[in-house]
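Quick one: structure below, then a few questions.
Per-chain numbering from 1; labels A, B, C and D assigned in written order.
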Amino acid sequence: MSARVRARDLGIPLKGTPGPLNSITDVRGVEVGHRTLIEQSEQSSVGQKPIRTGVTVVLPRGKSISGKLEEKQTFGAWYSLNGNGEMTGTTWLEESGLLSPIIAITNTHSVGIIRDAAIQWLIRQSTGSALSDNCYNPLSLPVVTETWDGFLNDLNGFHVKPEHLFDAIQSASSDHVDEGNVGGGTGMVTHDFKGGIGTSSRQHGDYTIGVLVQSNYGLRHQLTIAGVPVGEEMLEELLPKGKVNPIPFKQQEQGSIIVIVATDVPLLPHQLKRLARRVPLGIALVGGRGGNNSGDIFLAFSTANQQAMGKSTGLAQLEMFPNELMDPLFEAVAQATEEAILNAMIAAKTMDGIHGNKVYAIPHQRIREILNKYNRLKDN
Amino acid sequence: MSARVRARDLGIPLKGTPGPLNSITDVRGVEVGHRTLIEQSEQSSVGQKPIRTGVTVVLPRGKSISGKLEEKQTFGAWYSLNGNGEMTGTTWLEESGLLSPIIAITNTHSVGIIRDAAIQWLIRQSTGSALSDNCYNPLSLPVVTETWDGFLNDLNGFHVKPEHLFDAIQSASSDHVDEGNVGGGTGMVTHDFKGGIGTSSRQHGDYTIGVLVQSNYGLRHQLTIAGVPVGEEMLEELLPKGKVNPIPFKQQEQGSIIVIVATDVPLLPHQLKRLARRVPLGIALVGGRGGNNSGDIFLAFSTANQQAMGKSTGLAQLEMFPNELMDPLFEAVAQATEEAILNAMIAAKTMDGIHGNKVYAIPHQRIREILNKYNRLKDN
Amino acid sequence: MSARVRARDLGIPLKGTPGPLNSITDVRGVEVGHRTLIEQSEQSSVGQKPIRTGVTVVLPRGKSISGKLEEKQTFGAWYSLNGNGEMTGTTWLEESGLLSPIIAITNTHSVGIIRDAAIQWLIRQSTGSALSDNCYNPLSLPVVTETWDGFLNDLNGFHVKPEHLFDAIQSASSDHVDEGNVGGGTGMVTHDFKGGIGTSSRQHGDYTIGVLVQSNYGLRHQLTIAGVPVGEEMLEELLPKGKVNPIPFKQQEQGSIIVIVATDVPLLPHQLKRLARRVPLGIALVGGRGGNNSGDIFLAFSTANQQAMGKSTGLAQLEMFPNELMDPLFEAVAQATEEAILNAMIAAKTMDGIHGNKVYAIPHQRIREILNKYNRLKDN
Amino acid sequence: MSARVRARDLGIPLKGTPGPLNSITDVRGVEVGHRTLIEQSEQSSVGQKPIRTGVTVVLPRGKSISGKLEEKQTFGAWYSLNGNGEMTGTTWLEESGLLSPIIAITNTHSVGIIRDAAIQWLIRQSTGSALSDNCYNPLSLPVVTETWDGFLNDLNGFHVKPEHLFDAIQSASSDHVDEGNVGGGTGMVTHDFKGGIGTSSRQHGDYTIGVLVQSNYGLRHQLTIAGVPVGEEMLEELLPKGKVNPIPFKQQEQGSIIVIVATDVPLLPHQLKRLARRVPLGIALVGGRGGNNSGDIFLAFSTANQQAMGKSTGLAQLEMFPNELMDPLFEAVAQATEEAILNAMIAAKTMDGIHGNKVYAIPHQRIREILNKYNRLKDN
């Protein structure tokens, strides 16, 4: 990965101060893992049903289990800009303010199998605890979400299996996060270029805000980079190719974006919802409008407050960051969301898939040319 | 089923006028099917992992496919009294006002497999339509929900399979609905008596309101029938037996209740939400309080407005019932919810299951005795 | 007030353990004040425009100002069973989790004048603080709510003035709370009997839950006391009299109920919302169904966590009660709501008003007779 | 008004096709009126308490009353990006899907008096209808909202009176809408330049989307015009002047933005909520992030469906636009919101006010210069 190129490397004038990895894993304790499923050659002909999908996990307090599994929960909240998508576990998240110890992102038709697999994994981790007894336990409500990869992937083949979740968890680390055609983002498309997983972070004093996206939304003409109408400049360049002509991507939004916001700022659930509501501001800057077919669903969680799950005896002792000082956090969410989307696009490689469909990577040099035309290229 | 005994047969003074079947299937077009999974003898010893679970489906416009699958959608809405449970598909339901053509209810750990299986079934029904093409289609967001049956069922054995959903759909009809230990309700417990599936309906002029519950909530002392404190009169009678002593059911609410409200009144999505918000009123009358461990989640849909899904060309023509005349509908929801819970309890049979746990049916004669003590027994 | 008769005095078998005053003021720090406006003799003829209205205030941390006004804020939340009513300040409450230092309840047409008057009062209390400077301050968003008293009061005369709010605040105390025809409840009607202000409380260990209602809802036939169908037994007894015959109260729900839940349990905003969602369970027990014309809107707040408003420098230190132990609080909310409504009815006196309309107090002896008929009279 | 200069006149490259007036009044039937309150000379010294405030009304079906007042209601919905503000009437709007016949916008401390005045006006218009009888009527729940003008206006002087609302209604027309320092927008500030009322519209086939804003939010550095970082280019130019130094506007967001979206597309309430949720996308494009002190609250309504209020006898006949075709409406909301904010700023004139504070109009020529620097100036 020595040659990883990211948005800032191209001279895009992005605001704010990223953390050391410019990644959601800059938030201490957060781990991310991918299991990428690519089978059949990229030149597969129609009918060979290429697999272009996967699973990405975000583990708010990491995968290693020490102590009670319940203590892996964090305060969390969610918001939906446009709800044409699935995210399990949100009803309990809204009720309790507590987020599952595991978040998984996959394709639309595999949410169910990964959701049950997440329960299996949680049961295995919790020998001797409530989940393994015959008591109800809300850990049975993991958060699994998705975007649709049927333009490149044999979605109706239901190729994702429980072990792919376990693999993703096993691979999770707090190191840098692979971006582009990996994990749940493998077969995704963004503004009619190849999309996928992207991440970014912002520092605010001693605190960090990190964002991870699975980016699969957007029409070409909407694409905006640092305020520059890049999509309008590339209206007819490197459009996806497919058996249907014109392909649906040209006509109407078919995609979605999942955004996970992590922070170590000690925020309560109702404050985290305020962060989740700012995600659309960042998406708007790149050109997203939350199309009717979009499942644009956003999570926010805080790794602070180790006692978020409460104490069965006595009161939990919590800390709370003041509402009055949240404005820089709102800005950070918008900025890191914008940059994570760009990072996903810039890391992604050209891919072909089912039905001979093909989606191109956005060419890095063209971005620079267009930014330069509008006097927005930053020296770097 | 000649010997079916229901709440009204026992002389419980229930209000309102039920439809012909006193069932959710009194709402024309609605079909219900069950697949019950009971394996291992009821006297199985600990470790034999008895299966006591299943799947129940509610099909708002029935299972037969004529015309476009999209047209099977109805206006719908949902509400959660206490969200310690899973219901998939709610994010799109909230956004679009449209309910999936299929609702399935099963156990907590099988929501995922049934959710993906529902997509498979929808794909098979829609050959030639959008779902089988490589276009995104919101039909990929079915509603699957659950309650927890781990006190009797080998829940962690993950015994529910896709074919059990297909069986339940195949068996669906608009006839009377089996109640008690059937389908998703097989292993459920209510007020420390055996619970499960129950249904009831109310007529309002030419309109019908129908309710189906999967009832799995409640402590003994809370049980109230027609205002009479039946639970307090039976505090120590026929309590569940288990290996743990005292068993958790005595200590704290462990269960949940799912309620589906169907009607042919032409209500818009925001009006259906008003119905869903009245479900807790009916639950309160039987003694439920929405415990912290409860997934008390409610759906409401209307079979009116065949054009609810909209028209791809031109405007849909709709009818709307006036807000001002909804009060009798609110009352009907409360009444039918109350009666459906009682029907579930009265139809259920004593069952033993995993770990040698055992839950008793509520004895019908005792209900009559206690109602009589409080001068509330109705001549019948 | 030596002769005050309350629900428990009549032998109604109510559950749970009330606090010393059986009042919302059992929650330490909470103060309640009334300003009652009754002008023109009760025998006033049509056209004399009798005034039968007022203002009730609930001050979560009391009226005396020591330290910063901002510190008078508490964590809070709200819920609406049926939103045909006004409650100002809820948008900020939902956003911030913080409740205004003042809650006022009046009639439907006087919410505005009292809302602005509350701001005036807050400005006067905060000399030298942000509100008096030229900085925006969210204390400018007080919570003022209402029910409709136009059946007895000259509502369209707009008789409530700012000084009536100031009087109510001035009179506020943590002592027992006057009930029935007082303050905002002066002209209210409940189940076609005279209603108004009522209160009750429950103890849970060292904690207290208190409820105050302004009760103005319900049709006669719905009235239920301790599970007994009292309304059905009194269908034609002492119905309201009016110039219109039959009067609207007989035909359709015209009223509303406001419920304020106070506690000293250290609950976060999302947990307080859980309390607010349980209020309908208590209303259901008395017969309410949340009619289309009803503004059934509920607040819950916690006096714990003195640092709820946050700290402008550094982190606030908070305590949190565990979700897992909230079930008794849910029960307490339902019980205290039920009892507060009954207390409002039992304290209220027969009143006549505008247009010669007249509403009767519920006769105490008849309650006892009917409870006795159903073997539900408690020895006392 | 021959010299009216608007955003497009300056060569700002704005997308989409506006209606004939590029105003919310392009939506047929919608009327807008202002009552501007400016007293004391603009050179008033400290202590003279200059009045710089007013009232703006938006009348979804106009002010002339023919037929029943109830029929002036429209389907509507609302959304709050950041709820540090007041908007009355939202609880009933959410419940019923029906918007009050009158929307008024004023300053923070005058919401109450204008809200009660709106009821008075509605009563006067409805002689012989329910509001004038002694029946409850939900028309008593008008929508009144606000932003904070205390930097220029003597806010604590409570200078707005009921007659100012009546004047605004009287002046309402479907003609072009005055922008800038008028009506409720008189004393408002945007991105540290003078702000106020602005409007814009978009055509989509035969349909129109119109937007009106009362713009009072934003820090200087955030200001973005057509993607160009205009605020960063003018960081120190023409900043507000005040007695406090540095003044609060430099330090933290103190303001808010109210946005009203009108359309003649036949959308149901849940579809209108989708429009309201897109307003933040347009705000983001100009630089807004929904600060903690902001009351960024948005309404959307549709003038279609004359029977939206329902029929007391029989069913209403409605039309519904398909969800699938809503994407251009989402884009139109974002575009028209962006342009309305710019129109507010460009129309506004430099104003001084209380405490000698002064806010400057954004200089038009500088906008052109900066756009030109970034090659974004459109020939016009």
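Some observations on this one:
Just so it is clear, a residue touches a chain if its C-beta (ideal position, glycine included) is under 8 Å from a C-beta of that chain, and two chains touch if they have at least 3 such contacts.
This structure is a prediction, so every number in the text was calculated from the model and none was measured.
For the interfaces A-B and B-D, the C-beta contact count is higher for A-B. Of the pairs listed in C-D, A-C or B-C, the one whose interface repeats that of A-D, with over half of its contact pairs matching by residue number, is B-C. Subunit B and subunit D have Cα centroids separated by 46 Å. Averaged Cα coordinates give subunit A a centre that lies 35 Å from the centre of subunit B. In subunit A, the positions touching at least two other chains are 82, 95-96, 274, 293, 323-325.
Those residues of subunit D that touch subunit B in the shared complex are 95-98, 266, 268-271, 274, 307, 310-312, 315-325. Residue ranges on subunit B touching subunit A, taken from their complex, read 80, 82-92, 94-96, 108-117, 119-120, 123, 132, 134-136, 138, 140-141, 144, 148, 150-151, 155-156, 158, 242, 244, 248, 254-255, 293, 295, 297, 354-355, 357. Residues of subunit C that touch subunit B in their complex: 81-82, 224, 226-229, 252-253, 274, 277-278, 280-285, 288-293, 323-327, 330-331, 334, 373-376.
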